[in-house]
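Look at the two complexes coming up: chain A is in both, with chain B in one and chain C in the other.
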Partner chain A sequence: MKTWTQDTPAFALMRNMALPVLLGLLWQLWAMTLPEGSPAPAPLKVFESLGDLLVGGGLLSATAQSLGRVLLGFAAASVLGIALGLLMGSFAAMRENLDPIIESFRPIAPMAILPIAILWLGTGTPTALAIVAYASFFPVLVNTVHGVSRVDRKLLLAARTMGMSRLTILTRVVLPGALPSILLGSRLAMGVAWTAIIAAELAVGSKSGGGSSGGIGQMMFVFYAYNIDLNAIVVCMAVVGVVALLIDRLFRSAERHLIPWRP
Partner chain B sequence: MRNTATSPKLRLSGVTKSFVAPRTGQQTLAVAEMSLDVQTGEFICVVGPSGCGKSTVLNMIAGLDKPSGGTIEKDGQAITGPGADRGVMFQDYALMPWQTVEDNVGFGLRHGTPGRDLSKDQREQRIAHFIELVGLRGSERKYPHQLSGGMRQRVALARLLANGPDILLLDEPLGALDAQTRHILQAELLRIWGETAPVSERKTAIFITHDIEEAVLLADRVVVMSSHPGRVREVVTIDLPRPRANTARTNPRFGVLVEQIWSLIRDEAYRAIGGDTPQAKPTEEATA
Partner chain C sequence: MTLPARSPVPGGPVASDPAQVRRRSWMLNRKLWVSLRAFGVFFLVWWLLHLWNGNPLQLPSPLKVFEALWGLLRDGEIASHASVSTLRMLVALALSITVAVPLGFLMGLSRRAEDLIDPLVEILRPISGIAWLPLALFIFGVGDTLPVFIMFYVGFFPILLNTIAGVRQTDPRLLAAARTMGVGRTALLVHVLVPSALPTVMVGIRLAFAASWAAIVAAELIGSPSGLGFAIEWYRQLLMTPKVFAFILAIGVVGYLCDLGLRALQHRMTPWAEGTGASS
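Let's look at the complex of A and B:
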């Protein structure tokens, strides 16, 4: 018979949810002291708003839109960042030539390139993708270069004494050796991809007039600029937070499967 | 044992290696005018104080480093780069941490030149054979971090042998092990090298060590090097009968040879650790 012990998943869930539930309760208690009709967000009103947005408000399609952009931009940045990172990590000439360029672009916030992106690509999905890709490119690249530089030199020598070509060494020694660092970079990149997409959609939202095709960031902009619905904005924030959390968990479990050698 | 009619397996003639410090441009002579002939099936141990260029010599034979002067020939052919005909076992084993025992042993066979002419089945058979030979059956799916130092050393040895090199280059392969494991693996190394087989079936081995007793136990000849710059001080022939694994240490001649080699490097060894007061018979230097 299963008893109420620390081993059950139910117990783990209870334990992990204790703090969020407590904070929610405190928030609700505080909200109940406010006068009737106050615009301040409150948990119960947020849940009400969540229901409305799910049923007819296009919350799901807006979330899907943003998630799609995040994944696509992130994928492009990963492919480019990993390939360039492996090359920069392996060849001093590439590293020395590209490093100044990379390092002078890296501190420029994704939002700062938005005006140029809008001029070149318009106010639609291409701009959002470009911003996401730009933001997530740097964590992937920098961590890949770092990972390559930390691959044990002895392993490269050992591979050479077994008659391996440069390309084989790159794919069979350098890539797996740098993988832990690459995956860390990807996880960080996924985080900044979300911050970038919301910012980009918020900004582009002001130009193209709303609707769920603008993604969840644009949805927030509409609730901010036209409806002044703080509860709905909190719903959007919460959705972004939960989706990002799920993706982070997915990444961590992928790391465990992709790096089984890590003690 | 020496056959002068054929060319030696390995010939170092006047090999010199100097390094230039990248910032200061200062030149250091690591190895000076080293000459040595190694015959097929011979087990050579190289001993000497830290900084005598032992590892540099090994790397040059492996083709990972180029001599600054002189030539290194294998079977009469100059060595131009690394190749699977000269297998290297590195000091800390250089196992791929992301690969299981089986993948590590098969790494060269599957991705390098050694397995080029083998079918998939032949490769897998070979891998299984060498895992068995070093006594690692049952651990095929383990990762290096799950293994003890002695087991990792066996994986490295199996990988080395699976690649089928005709010269084994071993850079202090037993240095990191505790004394008991070391004894066991010394005996196994002799068995695998072919101590009980006729000379023609033995591999040619160059083995670097800090441990003089180990050198005397294993080697046909011990190359004693001195440092700054590294050069051959003397080559001592070890005339102990084979097989030696379990008997050599009790042979009175064993102690004589150890003392003889120790006396050759004693002064330098003391200087290297910054003292000149003799201590109680330190046969294993505490240098790294």
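Let's look at the complex of A and C:
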């Protein structure tokens, strides 16, 4: 009897939701003890705020704007990163000469570049794009180089023995061989890119007095600095989390579909 | 317990044969030379770009940046900001380790605990530390607590997940053998589970460091009156671009040095993990 109850999906769902629901209830109870007009967020108010923001608050358009920037910056970084990674992976001389530079820039966080980006590009979309591209470039590049170096040497030799041209080897042997690693790099890159865009929009909002850049990070800053609406901030945080989760799932399923030969 | 003999690795720490020593020093020299050459080209390109750009507020010449760096090093400004940031980072890392490692052991060992806690972890994990900034600013205000909180949050998940994975990876034969020999629960934990999980935990700590070092800049840039991240933004507002570059350099160097330190620590604490892939 015991095993039967534990195996049902309903039980699993209840078990999974137990702690989050309990904490949510405690949070709500705590918020109800606060005096009227306190800015502290409460679960019920957060849901209310979510409704408001979805209907007329521009939550969707802000999210779309941030996502658009991430995709654009990520696309630029992947094209550059994969191309350079293939070159560095295939030619030892390239790798040897570029490695010191790449390794020196890698520990510098994207946010550290932000002040420079603001100096060069202002506080608008170009800065956000530059930060996203910088953030996602390194995971793509490093994983591409790694993937190319992991391509089976015997396959390369066999291809050369059979008289394949360099280009054919690149597209038919090296690229498929490095694909798992490249996709992993892309997934990591998208993750950092999404974090970086929030940070960039938030910081640009906080340093430029708000208003000029848009996006969900900016929206959060406005709720913090001008409207003081913590419920709306929690809504934005939840949206940030959900989008991050969706991006991750999307890339994982892409990995499964594009490289079926890998478990 | 005897370790299996390791085959000599080129460039590895053991080199008794003089020919091998010579070979190693030659490789080292060559690496140094290649790096110097690469940086020479890099600085040349930078200098040319600076001439082409013509605006020292946007792109100062490398010489000006080194001058600024030297000045900041001499009057101790870099040292004071870097020590503030590093201290915050260490406090945050220590906090994440003390919370995440025991929790990870609990979740790795008990199915029930994992079933209960994991959903909460999965709800929180996708929310990046940066996204907590506005709320944390409201709760903690501008000061030391905010960056420490953000870094604690960012470092927590890699350590937790790696601890769980490390505990799970423990060879079931070792566990069975220990149980057969009548080893108690505490001894099992201390002598089997901890040594087996430690390499993975150390990797988690290094990942946590990398993530929190990236987050500290954002946290200090927005919500702190001191630290490396603050200094960068401060000098940008004053339009002292060479100093901005100098502090960016400092962030990279301190981050690199901390990672080297963690690597050395990892090497010393888990020498048995070398070559298993967990140490890279």
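To be clear about the criterion, the second predicted complex is superposed on the first by the 217 of 263 C-alpha atoms of A that agree within 3 Å, B and C clash if a C-alpha of one lies under 4 Å from a C-alpha of the other, contacts with A are read in each partner's own complex, and residues count from 1 in each chain.
The rule is simple: a residue touches a chain if its C-beta (ideal position, glycine included) is under 8 Å from a C-beta of that chain, and two chains touch if they have at least 3 such contacts.
Keep in mind the model is a prediction, meaning the values are calculated, not measured.
On the shared subunit chain A, the superposed partners chain B and chain C are arranged side by side without overlap. Residue contacts after overlaying the shared chain place A:Asn97 against chain C, while chain B stays out of touching range. Using the contact criterion defined above for the overlaid structures, shared-chain residue A:Ala109 touches chain C, although it does not reach chain B.
Vectors from the Cα centre of chain A to those of chain B and chain C enclose 80° in the overlay, to the nearest 10.
Once the two structures are superposed, chain B and chain C can be ranked by residues of chain A touched, with C on top.
Of the two partner chains, chain C is the only one that A:Met237 touches; chain B does not reach it. In the superposition on chain A, no contact is made by A:Leu129 with either chain B or chain C. In the superposition on chain A, contact of A:Val151 is made with neither chain B nor chain C. Of the two partner chains, neither chain B nor chain C is touched by A:Ile182. In the composite built from the two structures, the nearest CA pair linking chain B and chain C is 5 Å apart. Residue ranges on chain A touching chain C, taken from their complex, read 15-20, 23, 39, 41, 96-101, 104-105, 107-116, 118-120, 194-195, 198-199, 202-203, 206-207, 220-221, 223-224, 228, 230, 233-234, 236-238, 240-242, 244-245, 248.
Listing the residues of chain B that touch chain A in their complex gives 62-64, 82-84, 86-88, 90, 92, 94, 96-99, 107-108, 111-114, 143-146, 163. Residue ranges of chain C in contact with chain A, taken from their complex: 34-35, 37-39, 42, 57-59, 115-120, 123-124, 126-135, 137-138, 210, 213-218, 221-222, 229, 232-233, 235-237, 241, 244-245, 247-248, 251-252, 255-256, 259. Those residues of chain A that touch chain B in the complex are listed here as 152, 154-155, 157-164, 168, 172-173, 176-177, 179, 259-263.
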